[in-house]
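Have a look at these structures, which come just after this line.
Both complexes below contain subunit A, partnered by subunit B and then by subunit C.
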Partner chain A sequence: MNEIELLNWARGPGLTYATIFMVFGLTLRVIEILAMGRDKELAEVRASGVANGWRMILKRSIPEPRNWKYITAAYIWHIGLLIVVFFFIPHTQLFRDVFGWWFGGVPSFIIDFFTVLSIAALLYTLVQRFTDPARRILSRMSDYLAWLVTFLPFVTGYMAFHRLGTDYTLMLALHILSVELLMVALPISKLSHAVTFFMARYYTGSSFGRRGIQA
Partner chain B sequence: MTTSFEQGINTLKKVIDAPIASYFSSCTSCGLCAQGCVFYTEIGDARYTPIHRLEPMRRIWEQEYTVLGRLKKLVGLSKAVTQQELQDHVELVFESCTTCGRCSMMCPVGNDIVYMIRKMREGMTAAGLAPKELKVAATKTLEKGSVMGFPMDTLEAMVRAAEKETGIKINIDEPNVDYLLLLSSAEVMQFNEIIGALAQIFEQAGVTWTLSSTAHEAGNPGMHMGASDIEAEMINRIVAAAEELNIKRVISPECGHAYMAIRWEGPNVIGRPYPFKVYHIIEVLDRLRAEGRLKTTGCEDERLTFHDPCQAARRGGVNEPQRNLLNMVTCNFVEMKDTQACNWCCGGGGGVSSIESTEPLRKKIFHRKRRQIEELDVTTVVTMCATCRNTLEEGIEDNGMEVEVLGLTEVVANHLLKEKEA
Partner chain C sequence: MTSEKPVLADELQRRGISRRSFLKFCSSIASAMAMSPAMASEMAEKLAYTRRQSVIWLSFQECTGCTESITRAHKPSLESLIFDFVSLDYHHTLQAASGDAAEHAREMAMHDNGGEYLLIVDGSIPLKDGGVYSTIAGITNLEMLKQVAADAAAIVSVGTCAAYGGLPRADPNPTGAVAVSDIISDKPIINIPGCPPMPVVMTGVLAHVLTFGIPELDSLGRPKAFFGDSIHDRCYRRPFYDRGQFAKSFDDEGARKGWCLYELGCKGPTTHNACATLKWNNGTSFPIQSGHGCIGCSEPDFWDAGGFYKALSTGADNPGQWAGNAMLAGVAGGAAAAYLNRGKKKQASDAVEPVTIDDMRGK
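Now for the complex of A and B:
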């Protein structure tokens, strides 16, 4: 298989398989959770909890200033990820092809800026994983692998765009493959938090709401 | 209850529900919960990272309730939880966690970590690993009707003394009154001025109330242990007393965990809704204030602050009533920097203060509270939980601080408008 064949596989069948695996896997994760159920609240509640559940989903996205040392890098690369994935013009074209409509893209220099910033922030989170005692004791091999599969698409994307490293076709193929690796890892690693955090926040927010605690 | 390692594991499997599954699925090992924990931030031991305390439970969740985990188990890639591991977690789940829930306020994915600690304690207790002090307290409560094991005669003597002092008759087992009042052991044994204080307040407000000879203890060691059967037995006694006396409103006293047990966990552990409503005493006083039935005079002019008990405020949702009352009877009230839902724990809750071996730990973590109090330059700390009050008094004494600790009900009673003045 040469570079062109690899690229064609990556953006053809490879992408299809990865998408199916991701969607199927994440759906299964959600079903696994819902299937556990939770007991009906029998105490007299102060509020239904539904509104507070939704409020918690939004409110926990707002940075907590007191923790800035631990969260700044994470906010930077999460925001960077969203911008780069959904607003880089070649990406928007792909989404437009698939969904028939997508947002407009942003100029490449902005994408470039967020890519470099995200790479730096991700590297810093890795340093924190080694140096912050709480993060270190929690970190298992899967945490480092999750970091790696998140890191790779940024680096390969940056290299492909700037014609760095190896041949452009091969680099682009590697970039797409690294994204597919991330897609496959999503449901089978802690990266599933990208979907399940909605549930975690809702469950907590609604139980707080019933007791009259603001999210 | 018979206990064994197998029962512990089975209980851990049983208590995992959808919220817990969503919490473990969402945890990114970011360690932010540690920044919320008074044990971690004051002592700096990484093992005190709140979500780390739940590691055995996390593995059970992964191995039993995820497809991938089951596959890993099948091919021998995962390690089963061992008895030794559970044993090692006693320190992390019981001795160095007051279940204050501040970690749950920090988690970016919204995990209610202390909800899981509470459930993990159930598994630990089923495995026979509950600390002996909690077991003793539970036995005393079941056998004698009070956490400290005093008989009803003791409470009755306190009641008669309060009657003599105030000249107000205090009912025991009086049916058809407005409220059934519960008391915590600490109030009866150490802070019994509360009985006279309430008698005066209720007399003025025209509220009728009673104590029960069969259910006067609000404290519930069953909750701290995670022994649902013991917790339910204590709750059922209160329900039976309220039903027998035909009382529609039950008052949980100035005790945070009592409020959590009777107000929020109670109906869920006995498996049915109550035929009555439950209020924290401070909620009752605030309602009387709002209705104009609580009349006070003057105000405390000492510079003072308020310590929010975690189970009543952060976890129980009682945040405004205490402030309304403080604004009524004090004129120099200042808030701590971290307060209400983000208040720092006193270090004594969740059964920790009753476990003897935790004393050195408690001394260390009290420094957080010390700094919180010292930076305000106050002479008085008011609170509404007997355990917090005890812990604060101990810590203040240890540190040679010149600060007085008061219960809010007492502060209100001190400013009660007397009949002849009215």
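Now for the complex of A and C:
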């Protein structure tokens, strides 16, 4: 298989399989969690949990002064990921093709800036995992793999855009394949927090609210 | 090849072509192939004293576009000389002979120049059903290729069909078409893909083969001198790509201003060819300059790369069409899992022993 055949596979069947797996897996996860329901409230409900649930989603998203360096790094690359994935002009073409409509893109130099920033931030979080004793004990192989499948699309995308490393065709194929790896990993790893973290926070917040605890 | 055959220098003299214009031709070929200026005169020397090279041109599953292209280059230009200089012993479209006489010419050339002739192939070779989908004088393309290739010095696969299978190989490939390199593995093969290939690339490579032998090839068997860069990297519209200025349709303001055609499906970034630098019709223009994106015709499987008007970053198939079904399957799967979990949940809640105030007091 040559570079162009690999690219055609990645853009064709590869992307279709990855999309089916990701959509199926994430839907399954969400339905499974929703269908579990919540435990019966034995104590008298003091207030509606709805407002507190929403408040928790927002409030727990505000960085704390504690661990600010690590949290800032995590914020940087999460925001970078959103901007790069959804607003790089070639990516907007993909979403427009799939959904029929999409936002406009932003100029490539802004994407470039966020890519470099995100790569640096991701490397910082990896170094932290290795050097911080508590994080090192808590980190398992699955954590490093989750880091890797998130990191690879950034690096391969950056290299493809700047014609670094190998031939562009091969690099583009590797970039798309790395994204497909991420899509496959999403439902079967902790990366599914991309959709489940809202639910988890809402659940905690609303349960606190019903008991009259301020989140 | 026998010694009484004239060398190119004699031919030049006979035609009244000056050494100066011959050197100019060699310089342009050398510069097109990114050789050093010194190589131009060396090429001129070698070409001038080269004897007529016997060439057998086999046309298989093709449209004759490659031949059309190569003939375009040479109304009285010097490129034509290279072809006059080459002894084209067999070529369906260009030879005067037909029928048995034509086949006889091929057999003669093979016999007289065994081991020395150059074999040029355009068109793919059908393998399905014993190769019946394309035959010449009752001989299948497969058999003829094997016969002629056996004694060839080298093979030049001209056009994407011969190089990679091209259009006949496009999905669903009804004739089981394959490339020359899928059949012949014991001869040097130079691929000059394109649909059609650029005339100057064909003549340039031929000049190189006659003077310095087989040029340096890339991983897809293409001469690096002509196929080393992508169209995108050499495109005059590249600055618009870098600035994010894209034409959104073929007649919008961006298109009129000559902005990048990426969003309109241009395959320039993954296509390797010399169109953006050498251009077509005597250096007049090339597709992107005339307002149409590159379709990637010098790359394998370009017909099956998801459509000429779909941006390179989009799915080649339509990944979204399955998403709805995948979601429904996910809902069904989730519901099934929840149903299965229900029993487990009930078991767990049944197993809970309520704690009374007496328990807590330790009684």
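One rule holds for everything that comes next: the second predicted complex is superposed on the first by the 214 of 215 C-alpha atoms of A that agree within 3 Å, B and C clash if a C-alpha of one lies under 4 Å from a C-alpha of the other, contacts with A are read in each partner's own complex, and residues count from 1 in each chain.
In the analysis below, a residue touches a chain if its C-beta (ideal position, glycine included) is under 8 Å from a C-beta of that chain, and two chains touch if they have at least 3 such contacts.
Worth saying up front: this structure is predicted, and the values here are computed from it rather than measured.
Three-chain overlay on subunit A, with subunit B and subunit C in a clash.
Look at A:Ile89: by the touch rule set out above, it reaches subunit C but stays clear of subunit B. In the superposition on chain A, contact of A:Leu28 is made with both subunit B and subunit C.
In the superposed model, A:Pro107 makes contact with subunit C only, not with subunit B. Contacts of A:Glu44 after superposition on the shared chain: subunit B is touched, whereas subunit C is not. When the two structures are aligned on the shared chain, A:His193 is found in touch with subunit B, with no touch to subunit C. By the touch criterion defined above, A:Arg55 lies against neither subunit B nor subunit C after alignment on the C-alpha atoms of chain A.
Residue contacts after overlaying the shared chain place A:Met36 against subunit B and subunit C alike.
Common to the subunit B-facing and subunit C-facing surfaces of subunit A are residues 28-29, 32, 34-36. Only residues 219-220, 230, 232-233, 242-244, 246, 262-263, 269-270, 299-301, 304-306, 310-320, 322-323, 325-327, 329-331, 333-335, 337-338, 341, 345 of subunit C touch subunit A when the two sit together in their complex. Only residues 16-23, 25-35, 40, 44, 46-47, 49, 51-52, 65-68, 104, 106-112, 115, 263-268, 271-274, 277-278, 314-318, 341 of subunit B touch subunit A when the two sit together in their complex. The part of subunit A that touches subunit C in the complex is made up of residues 2-5, 7-8, 11-13, 15-16, 18-21, 23-32, 34-36, 89-91, 93-94, 97-99, 105-108, 163, 168-169, 172.
In the complex of the two chains, the subunit A residues touching subunit B come out as 28-29, 32-39, 41-44, 46, 56-57, 60, 64, 66-67, 70-71, 74, 132-140, 143, 146, 188, 190, 192-193, 196-197, 199-205, 207-208, 211-214.
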